[in-house]
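Below are structures written as structure tokens.
Two complexes are shown next, each including chain A; its partner changes from chain B in the first to chain C in the second.
Up next is the complex of A and B:
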């Protein structure tokens, strides 16, 4: 494929009558406006992008450039946030690109039924993320390694004690995560477990032991947050920090319905 | 080994999420980790004209390439997907009925669980060795049989 000319990057799809306010949001290419293309009762939010940057070959290189990837992810998310403020959206995965607007229209026609179903299902609902962090360093600091054992028996005794403590802590965190998930999913229309982020991904001290996502009705958001706050207070006593993020566009709930 | 990558100091991508204290609708933090896990792994997959690894080969290729290409850059912005077990990231993380079981399984598969098993094995070995050292042979004539 020749890497010249322009393509059409699509961020998300909205109902055909959506009126997102996109004038001052920077998309993938800040020289190009973020526009709404209406067709088949749907609205695709997109931007013209240069194929020199978003063509197959350069794109593959760019996705492996972490600075580029981070910028793209933030730009994608910023547009989704803006669109989501005005109504339901179906987020597309990062870097879904069409040759031109005619192909975007074809896609809207082809996927129309699924997109309309999904939009209907997601109306007035938002995604909330809930994570549990345990400060492993804090735990280690409370149990400094004492002087070398003077005998094998002492060594054993110490190791056995450490193991018991670790098992107890592990059981505690498992129960904590279960309690959090059980109580929050009762406040949600749907719930899903995400893989806990590694330390390098979340970028902080401590270990993430739980990462959940919840689809919450607009009318239930206040209650959801109140329950989360209650849980947060309870978990803090166990040395666990509960964190809530949201509202997110419903990234985790746009797949086909569970069987 | 990927496991030797040092934890980063607390500065970086992690923005403490104080969502609970903020007014409704303004709570979400700009945490890059949260964004990446969503825009790369989630969202509806509809085929575009430009087919890239992200859609075809999913993230594994990208993850591996990231490891090879730019570990330092990755660490700077706080990504280490390659340390993750691809078998875990390959599953869809969905399905209400089995969620509690999955949760248990996942937590059980965490480093603590593995560490614990390793530690148990090491301890058992060490126990055997120490017992041999501590108990003189003449205390227990049968020891040689054990």
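Up next is the complex of A and C:
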């Protein structure tokens, strides 16, 4: 059954006096303006969307359509970038949609205390992502091509040695990741460990062994990046590639899910 | 030719973005609150989709 009518898509919540510059940003539906709805000392940044596209049923299909998802993700992020440039924001999970503005107001009233606390905590802070990739190809290339074993004993000796070396390498890799996390954590107000992206998701050579997110004070960003750069240079010698992304809106620092 | 070599290079920043958008952000109860935004389901759907896109790309002409 096709759904009809409109819903109200909410990107993020800001303090009630926020003045984000949203005039020329395209939201989830480029025929509809991105608007600020102010209520209860808070501001919800949102767009009217068609339920033919964003209703529960079509949405399930659309979220599994990579082109649609990519477009939606970029539109969502474009609005958050604008909002985030003007002050603290609480980003909402992608595709949070309300029946109408009255329901958005109800949500703002209901969640008011938590949202205000979170906004106060996030002021002047941004999220930085740090990932560590093991270059599987690089490691394999360093192993010499073994000649065929001359005896059963040599064969098993060799297997045993290979296994010990592999385990030692894994141990070193994990220790390196731990060191990276410890050092970066000291430069951050908060830190969280994310699930490393699977190969299906990142689609690249090698394996992601570490995926961390750090909440960094604006005044500490330069120092954080300098430490990350130092770690990157150090890890490269161990065949590990350290990647830094940011600044992100604080996606991973908005507290436990509210249900 | 190894499969990995013909896997198209995916837009790293897009993957990072989608990963953040689907697993981060505050979960408030909306109206179209996604039975679908059960995140793990979406995540699984996304991975299945990506795999199927790659499979398409691997078709040898």
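By definition in this document, the second predicted complex is superposed on the first by the 248 of 259 C-alpha atoms of A that agree within 3 Å, B and C clash if a C-alpha of one lies under 4 Å from a C-alpha of the other, contacts with A are read in each partner's own complex, and residues count from 1 in each chain.
FYI, a residue touches a chain if its C-beta (ideal position, glycine included) is under 8 Å from a C-beta of that chain, and two chains touch if they have at least 3 such contacts.
All values reported here derive from a predicted model rather than from experimental measurement.
Engineer: Chain B versus chain C on the shared chain A, clash or fit?
Structural biologist: clash
Engineer: Just to be sure I read the superposition right, which of the two partners does A:203 touch: chain B = first, chain C = second, or both, or neither?
Structural biologist: both
Engineer: Between chain B and chain C, which makes contact with more of the residues in chain A?
Structural biologist: It is B that touches the greater number of chain A residues.
Engineer: Where does A:167 make contact in the superposed view: on chain B (first), on chain C (second), on both, or on neither?
Structural biologist: A:167 contacts chain B only, not chain C.
Engineer: For A:63 in the superposed arrangement: first (chain B), second (chain C), both or neither?
Structural biologist: Both partners.
Engineer: For A:152, is the partner it touches chain B (first), chain C (second), both, or none of the two (neither)?
Structural biologist: Touch status of A:152: first partner only.
Engineer: Can A:94 be said to touch chain B (first), chain C (second), both, or neither?
Structural biologist: It touches chain B and chain C both.
Engineer: For chain A, which residues lie in the overlap of the chain B contacts and the chain C contacts?
Structural biologist: 7, 10, 54-56, 59-60, 63-66, 69-70, 73-74, 76-77, 90-99, 103, 107, 111, 118, 129, 194-195, 197-198, 200-205, 243, 245, 248, 251-252, 254-255, 258
Engineer: Okay, in this complex, where on chain C does chain A touch?
Structural biologist: Within the complex, chain C touches chain A at residues 4, 7-10, 12-37, 39, 42, 45-51, 53-54.
Engineer: Quick one: which bits of chain B touch chain A in the complex? Just the residue numbers, please.
Structural biologist: Touching chain A from chain B are residues 5, 7-8, 10-14, 16-17, 19-20, 24-25, 27-40, 42-55, 62, 65-66, 69-70, 73-81, 83-84, 88-89, 92-96, 99-100, 102-104, 106-108, 110, 112-113, 116, 119-120, 123, 126-127, 130, 133-134.
Engineer: Report the residues of chain A in contact with chain C in the complex, numbered from low to high.
Structural biologist: Touch residues, chain A against chain C: 7, 10, 51, 54-56, 59-60, 63-66, 69-70, 73-74, 76-77, 90-99, 103, 107, 111, 118, 129, 194-195, 197-198, 200-205, 243, 245, 248, 251-252, 254-255, 257-259.
Engineer: In the complex formed with chain B, which residues of chain A make contact?
Structural biologist: 1, 7, 10, 54-56, 59-60, 63-67, 69-70, 73-74, 76-77, 81, 90-99, 103, 107, 111, 118, 129, 131, 151-153, 155-156, 159, 163, 166-167, 170, 173-174, 177-178, 181-182, 185, 190-205, 209-210, 221-222, 225, 228-229, 232, 243-248, 251-252, 254-255, 258
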